[in-house]
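Both of the next two complexes hold chain A, though its partner changes from chain B to chain C.
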Partner chain A sequence: MERETGAREGLKGWLNPGKIGKFGIERLAWLLMRLTGLGLLAYFIGHIYETSHILDGKAVWDKSLEMTQTTEGHLFLALVIGMCVFHTGNGIRLMIAQMGYGIGKTERPDYPYKPQSINMKGKACIYATLGMAALAMWYGMAVMFA
Partner chain B sequence: MATLHPKLSEERSQTVVSSTKSVKLKIKRSNPNVNSDQQFDDFVVPIEKWTTVLDALLDVKSHLDHSVGIRYSCRQASCGSCGMKINGKPGLACFTKISELNSDTITVEPMDNYPVVRDLAVNMDRMISNHKKVMPYVIREDSEIDAESGIREFLQSPENVDKYIQFSSCIKCGLCNSACPTMAMDKTFVGPQALAQAYRYIADSRDKGKNKRLKVIDESHGIWRCHFAGSCSQVCPKGVDPAMGIQLLRGYLLGIRD
Partner chain C sequence: MMVLRESIIMKIHYGTAIGALFLTVVHILMRLTQDFHESLQYENVIANYENIGYAVLLELLLILISVHGFNGLRVILLEMNQGPTYEKAVTIGCLIGMAALIAYGSRTIIMTSMGMV
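And now, the complex of A and B:
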């Protein structure tokens, strides 16, 4: 495909909260999917780095583990739990939709046109996934701060 | 001056033509051919409950500033010329009534993800080029014109037609490409308009060009870059639902759907 210069919104097109207001919960789910994906990738790289300290002996390993035993560390891990649950749940929803299921049937459009692919089933899945992520974060914090 | 027919004169005198309401129209102005400056010009225009955004823009052009650059043609949501961002959301100016926006200030800007020609007119070459790439026509070896038997038809059942008819309503207004968040970042993404049209012809039982089209869309910046934000379907003024077409096409490519 040939390239076209300029005229792209760039990151503003992703992150503008006004867009979420205009395009609804599906756009929020899209944005969170991107952000949690990037967040989990960053966590994965950090996790590999952290666990690599085990090669440097017990003292270094214990010290690196202490980083997560602080209030900030617990909040960070709770965020990781939330990102993980949302990304998994929403990913399953997307995989099902992208196989062509749960997006309605093709038919002759009648005014007022309402897109069938943007339906209550999809919205309910997004809300449920957000709820599960919040619940998992709450449970994680309850365990870590106990 | 010609005298009006008494009945017509009476009818006119009973028709209320004066507007009691007005709105502020904020128009984003720019001319990239001259400089990179962008500014909003404000105009106060009278409206009725049936006034569309295009009516208001034409009012500005007629009475306040004739230099406002817009593209329009049919005024009835058939040509797809007057796409623009209205209060932050892509829409057809001729299909958007000001009374339905529930705002005293209407902001109109050129569509996102397209190069601006001037003011509200954008360059749609890229979209048209991608549209052509998916070969938006029925591909067959044989012809409807038969040498021996004369003209014949490629018959379809109503069920066959229902599989693609909604996607054939596309008027190439480009609103879907403007709303798409992938288009905002990926300069080479083929876009929801072209992908939905690829599905339209692939789902057509008369068509035999599936493999040719799939070669165009089954690539790294093709169909796999869609992440189903659904914004394209939310702004489509003709009920095409490009997001549905793209997911159905993806299901077909994965071998899950017929």
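And now, the complex of A and C:
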């Protein structure tokens, strides 16, 4: 089968802000799901490496811990908390949608061909998830900076 | 090579996500049972690892997040490009990455919980 390489934009297609403006908050959620997923995987690999320092004794552990006990370290961890909450909330929304809930009923496609699945319920969930992520970041910072 | 249907892989992806979510909540709550900074002190972390129940939780969490994370990476990479060789390379690469991370993390958990520090 011949490949349609012309339709493939790769990373340029991901990061094109025009696409978000054109396709709305759902497109932003799609992009953030991927960016937060990659960010969390990178953090997880770093976390596994960092915690392995426990095997090298107290001095190395304390030195390793010092990196996260700075203002920059706390801000980075707050970003990780935000990514985690957004990825979780949006993931749950996607699972529920894939089970067929909240995506409207099937009906005849008439002009202006508004898709049933892109509705206010979905948009509200995305805004709520963004809000929860912001709240979790704020709470995390309150704990870390206490 | 054994090939799983994408529908089965996505069920694994969602299952690992739900499992990881519950275990992550427990993992974070463990940090909040005492002062956050105090809970990360060397002696407290060693005590956490030596608790066999918590060590099992960490091992499960490691496996669930590794499977979910590397499958997510595979899905993202397959969205960007397709082709039989590319798809096979991405799948094998992600499986190797996942196995390596699980092995490295398990080494920390097993050695610390057995007091080999």
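Everything below uses one rule, namely that the second predicted complex is superposed on the first by the 139 of 146 C-alpha atoms of A that agree within 3 Å, B and C clash if a C-alpha of one lies under 4 Å from a C-alpha of the other, contacts with A are read in each partner's own complex, and residues count from 1 in each chain.
In this section, contacts are C-beta pairs under 8 Å (C-beta built on N, C-alpha and C of every residue); 3 or more make two chains touch, one makes a residue touch a chain.
Here the structure is a predicted model, which is why all the values come from computation and not from measurement.
Touch criterion met: A:G24 reaches chain B, while chain C stays clear of it. In the overlay built on the shared chain, the residue A:I54 is in contact with chain C alone; chain B does not reach it.
Contact with chain C, but none with chain B, is seen for A:L41 once the two complexes are overlaid on the shared chain. Legend: residue contacts after superposition of the two complexes on their common chain; A:L79 is shown touching neither chain B nor chain C. Of the two partner chains placed by superposition, chain B and chain C are both touched by A:L11.
In the superposition on chain A, A:E107 makes contact with chain B only, not with chain C. With both structures placed on the common chain, the touch criterion links A:T88 to chain C but leaves chain B unconnected. Within chain A, the residues touched by chain B in the first complex and by chain C in the second are 3, 8, 10-11, 34.
Only residues 1-14, 18-19, 22-24, 26-27, 29-31, 33-34, 94, 97-101, 103-104, 106-111, 113-118, 122 of chain A touch chain B when the two sit together in their complex. Across the complex, chain C is touched by residues 3, 8, 10-11, 34, 37-38, 40-41, 44-45, 48-49, 51-52, 54-55, 57-58, 61-62, 65, 69, 84, 88, 91, 95, 143-144, 146 of chain A.
Considering their complex, residues 88-89, 112-116, 122-123, 126, 129-130, 162-167, 169, 179, 181, 183-185, 187-190, 203, 219, 221-222, 227-231, 233-234, 236-241, 243-244, 247-248, 250-252, 254, 256-257 of chain B touch chain A.
Looking at the complex, you find that chain C touches chain A at residues 14, 17, 21, 24, 32, 36-37, 40, 42, 45-46, 49, 62, 65-66, 69-70, 72-73, 76, 80-83, 101, 104-105, 107-108, 111-112, 116-117.
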